[in-house]
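First subunit A sits with subunit B, and in the next complex the same chain sits with subunit C.
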Partner chain A sequence: MAAAVSNGWQFYLTLLLVYLGVDIIACLGLNIQLGLAGVMDFAFIIFQAVGAYVYAIFTLGPASSGLGQGAGGESYLWGTSWPFPLPFVMAALAGVVLAFFCAAVVLPRLRGDYEAMAFLVISLIASGIATNQVGLVNGANGLYGIPQPLSSVLNLPAVQYDWFYVGLTAMICVLVWLLTRRITTSPMGRLLRAVRENEPAARALGKDATKARMFAFLVGGGLGGLSGAVLVAFITAWAPSSWGYAETFVYITAIVIGGFGNDLGVLVGVLLVPILFGELVRFLPAYGRSTWIEAAQLMAYALLTLLFLWFRPQGLVPERRQRYPAGGEIPLDPGGVPLARRLRPRLGSAGRLR
Partner chain B sequence: MTPDGILSVTGVSRHFGGVQAVADVSFTIARGESLGLIGPNGAGKSTLLSLVAGALAPDSGSIRFHGKEIAGMPSHQVGGLGLIRTFQISSEFPRLTVLQNLLVARPAQRGEQLWGMILGRRAWQTEEDSAIDTARTLLSRFRLSGLENEYAGKLSGGQRRLLEIARALMARPKLLLLDEPTAGVHPTMVGELREQLRTLRDEGMPILMIEHELGIVEDVCQRVVVMARGRVIAEGGLAEVRALPEVKEAYVA
Partner chain C sequence: MTLFIQYVGFGIVTAAILSIAAVGFTLQYAVTNVLNLAYGAIMTVGALTAYAVNRSGASIWVALVAAAASSAVISVGLSRAVFEPFRRRGLRLFGMVIVTIALDLLITNGLLIAAGPNPFSYNAQSGRTYHVLHMIFTSQQLTVIGIALLAMLIVRAILQWTKLGRAMRATAADENLARACGINTQLVRDAAWLLSGTLCGVAGVVLGLSVVGWTVSTDDSLLITVVAAAVVGGIGQPYGAIFGALVLGVATAIVGGYFSSSWTDITAFVILVIFLVFRPTGLFSGVVRRRDVAT
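Then we have the complex of A and B:
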């Protein structure tokens, strides 16, 4: 009996840790789009969704018998089963491709509030298509029985496999972290911040702001897709109800609270918002309708976002001020002798800095 | 007009709705020359500057920079050719530090390319170090050295102007387009700006400048073009142009 209880806790703990990993991957991606480049991506969750579906389709095997009937009676498009790392790669690529199409529609023309609206609408359209085109990804019922990576090879008991998967998630998180740091600490990261701060000025200096924004958006989309694959490979089921447009706002809340444009802040935000805060709500006493908890959660996220934007728009861990080590001798030149020589981008008021 | 001008604007027009903001404007900037663009408010000076800088596309006409047609070219490409503008409203990157504002401006950085990012610091650190040196030299020249790590958004109006010009120089301009560099600057700071602009002139940096402070125009520019209601109404030395009755009339009207 004691062992069964402890198993239950282990299932819960592993699930929580995988969620943590998934949210970290997703929020690092969203932060590149939103915090760094200032792209108001209110559709981020669709990249996670497409990643999850693509992972499913690349592992479930061919949809048998004519009109795409899978083994479990699910109907979906095509389907195959590729070996372990490839479905994850395909999921990330799918995120990039979807991001490209969204960006092509939105980025060249729209900015700020309009950009946000367009992405919100894209999120709703995507959900509508996935729900109503049943032949695509089994409509509202979604896909289930999605194979877990290497489970048949390892042949472990469930709890042990879960811990193995936590390790795999952690490894992917580390890789994503390294990639993200490469981008945010590079001159490209600086250019993205400049574009966020004042796009016309960046253009006037000869910088292709559209290309930079596009780059940030594609990277974010790819990480979103990867996060979806990591999630669905663990929970083995995926349906439109898993990725309502409101899920994007959970991630935005995490970034706002953690710290816009700061990778470390994103980690803090993920720990506090979807994990700690989200899970605490789960332990509230059951009261009235069962959907109450979920609704209260979303309301609490909204309230948190508002409070932070109002009182601490830079988040708990603000974007770091980068200092550069002093070089050799700095020439003092008092005589001027000739030498051969705004989501805060929009969310806060531009004048308030710290 | 000098045939081998670095910038030649020919018959350029642009309208907004029913307003003809710029009408059939032509002028040339010769090699090593700086030109002042003056005229009353609403004359179309800023629109003209935006047309040259690629922020707006002209309805008709031709703009040639070192012989290359740039009319209608997107602004980042125009900037890439070495035509660097500043803005009427100061346009620093507020939440980048003063030094970072300059570093962004360095043209063609490896660390902004995909391969450079993937390879990491090894690919771009040397280039970055030299950019930091150049930026610090510029900052000391513009007396902003002490503010290196300050957020640009925290600078005073005059300091922002200086920073914007320093940033423009960091982009290795072949022609500087300055849109009212002293607008909204405290009088004590105007003297500093004026001195810096004079130094630029002495170094032979070609400048196209919109400025209401005629003393500064006189200091910096060999020639001026006077605009009113979208058209060029006079051209020549400042003193000679100021005496013309049509110029006096334009300023009164």
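Then we have the complex of A and C:
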């Protein structure tokens, strides 16, 4: 009896840790787009979605292999079964490719409100197509019974396998963290901050702002795809209801609360928002309607975002103002000016717009 | 061919509803420069108010007025309590979009908890049917079209012939210049929120009338189609928004008729993205060109 309870707790704990890892990977990716480059990606969740689907079709095997023995059977366009690390790589690549198409359409032409609106609508279109085009990825029912990596090789009991997977997730998180730090502290990171703060100024210095934004967007998309694969390989099912546009908002809340453009802040935000806050709600007594909890959760996120934007727009861990050693090359770009500073009013006739 | 004409008929009814909402949206966006994604939530507030009034025994006309009033109050209230303070704090466009989405999630989910997920319907007769050039309309649908036309005439009259309307157009064109000319732009912005809220409430009720059953999320799912109509017509152009509503209404009705009703929203979304990317100023270029949203 005691063992059963503790197994239940271990299952819950491992699930929580994997969620934490997935949200860290995703938020670091979104932060490169949103915090570092200032691209208003309200469609971020579709990169996670495509990563999850691609992981699924690269592990589920051919579409006609008779996998449809489950309830109703799954139909999907194409499938194969590749060995362990490759489906994760393909998922990340799929995120990059989808990000490229989205970016090619939106980034060169749109800014501000219209950029945000275009991404929001792209998110809705993707969700609509995945739901209605049943042959693509099994419509609203989604894909399920997705194989877990190395589970047949290791042949571990369920709880031990879950802990193995937590370790795998942690390793991927460390790799992603190193990659992210490498980008944010590199000259490219400085350029991205410059583009975010003042695009015309960066252009005037001869920097290719569109290319820089595109780069950040593709990296973010790839990390989104990877996070989807890590998530779906553990929970083994994926459907359009898992990636509504509001899910992007949860990640944005995490970044707003943690701190725009600060990798450490993102970690704090993830710990607070989807994990601590999101999971605490699960412990509330589930009285009343079943939709109640999800609705209350979204309301709480929305309220938190509004409160933070009002009282502490720079987040809990503000982006640090970067200093460069005197005597060296004088940095001409205004890299590292906190976004919070940008949130203050500027006087002048164009103050409302620029 | 007959079928096609029937679909166009459905499209015209949809367009009537859309145009009421889109004119409000485009006016408010042009004057206040806030892309208000909580517009659908304000619509839901109106629709639910009308439902409460209607179910307590009042006629649908009384309910319509109640909806318009409650949405107008909510609209001005949100502007005064949230958007204006954030604006004065200097929150940039980016933050403002997040603020409106947050408000939308807050209000819609709050209403979902309060009102529940079950569908509602108004207590009103759909009346006898009329045949106009193979198009079939119920008298209720004709009333909806009539309300839309009336609303358009009133908006036109306000914009064209009143001092407030001129002040609104001036503020939309260049707020700083308008203020330099002695226009009280704060008052004009309030008026824009009030007018758009009123239209929004009316749209919420007529939308509820035109479907079999509506839920708390129905109005929210119409929002992007409303935005699409406003963008197609050119932001800040009320007549453009009416034309955009016609384009969107008829296009979605035809796709819904020939393919499946589950593709109607996606049709609207795709039209919106195409316009955002290839012609962000819309068919009748409005104020967008002067704003930093598209190159």
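FYI, the second predicted complex is superposed on the first by the 315 of 354 C-alpha atoms of A that agree within 3 Å, B and C clash if a C-alpha of one lies under 4 Å from a C-alpha of the other, contacts with A are read in each partner's own complex, and residues count from 1 in each chain.
Here is the rule we use: a residue touches a chain if its C-beta (ideal position, glycine included) is under 8 Å from a C-beta of that chain, and two chains touch if they have at least 3 such contacts.
The structure presented is a predicted model; accordingly, all values stated were derived computationally and were not measured.
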item	value
Touched partner set for A:E197, first subunit B, second subunit C, both or neither	first
Which of subunit B and subunit C A:G38 touches, first, second, both or neither	second
Partner chain(s) touched by A:Q160 [first = subunit B, second = subunit C, both, neither]	neither
Touching partner for A:Y301 - first (subunit B), second (subunit C), both, neither	second
Subunit B and subunit C footprints on subunit A, overlapping residues	344, 353-354
Subunit A contact footprint on subunit C (complex, rising order)	33, 35, 37, 82, 85-86, 88-95, 97-99, 101-103, 105-106, 109-110, 112-113, 116-117, 175-176, 224, 227, 260, 262-263, 265-266, 269-270, 272-273, 276-277, 280, 288, 291-295
Subunit A residues within the subunit C interface of the complex	38, 40, 42, 105-106, 108-118, 120-122, 124-125, 128-129, 131-132, 246, 249, 252, 256, 289, 291-292, 295-296, 298-299, 301-303, 305-306, 309-310, 313, 342-346, 349, 352-354
Touch list for subunit B against partner subunit A, complex	53, 55, 74-81, 84-87, 91-97, 99-101, 103-105, 107, 109-114, 116-118, 120, 124, 128-129, 132-134, 136-138, 140-141, 143, 145, 148-149, 151, 153-154, 167-169, 171, 195-196, 199, 202-203
Complex interface listing, subunit A residues touching subunit B	182-183, 186-188, 190-191, 193-194, 197-198, 200-209, 212, 215, 319, 321-324, 327-328, 330-334, 336, 338-339, 341, 344, 350-351, 353-354
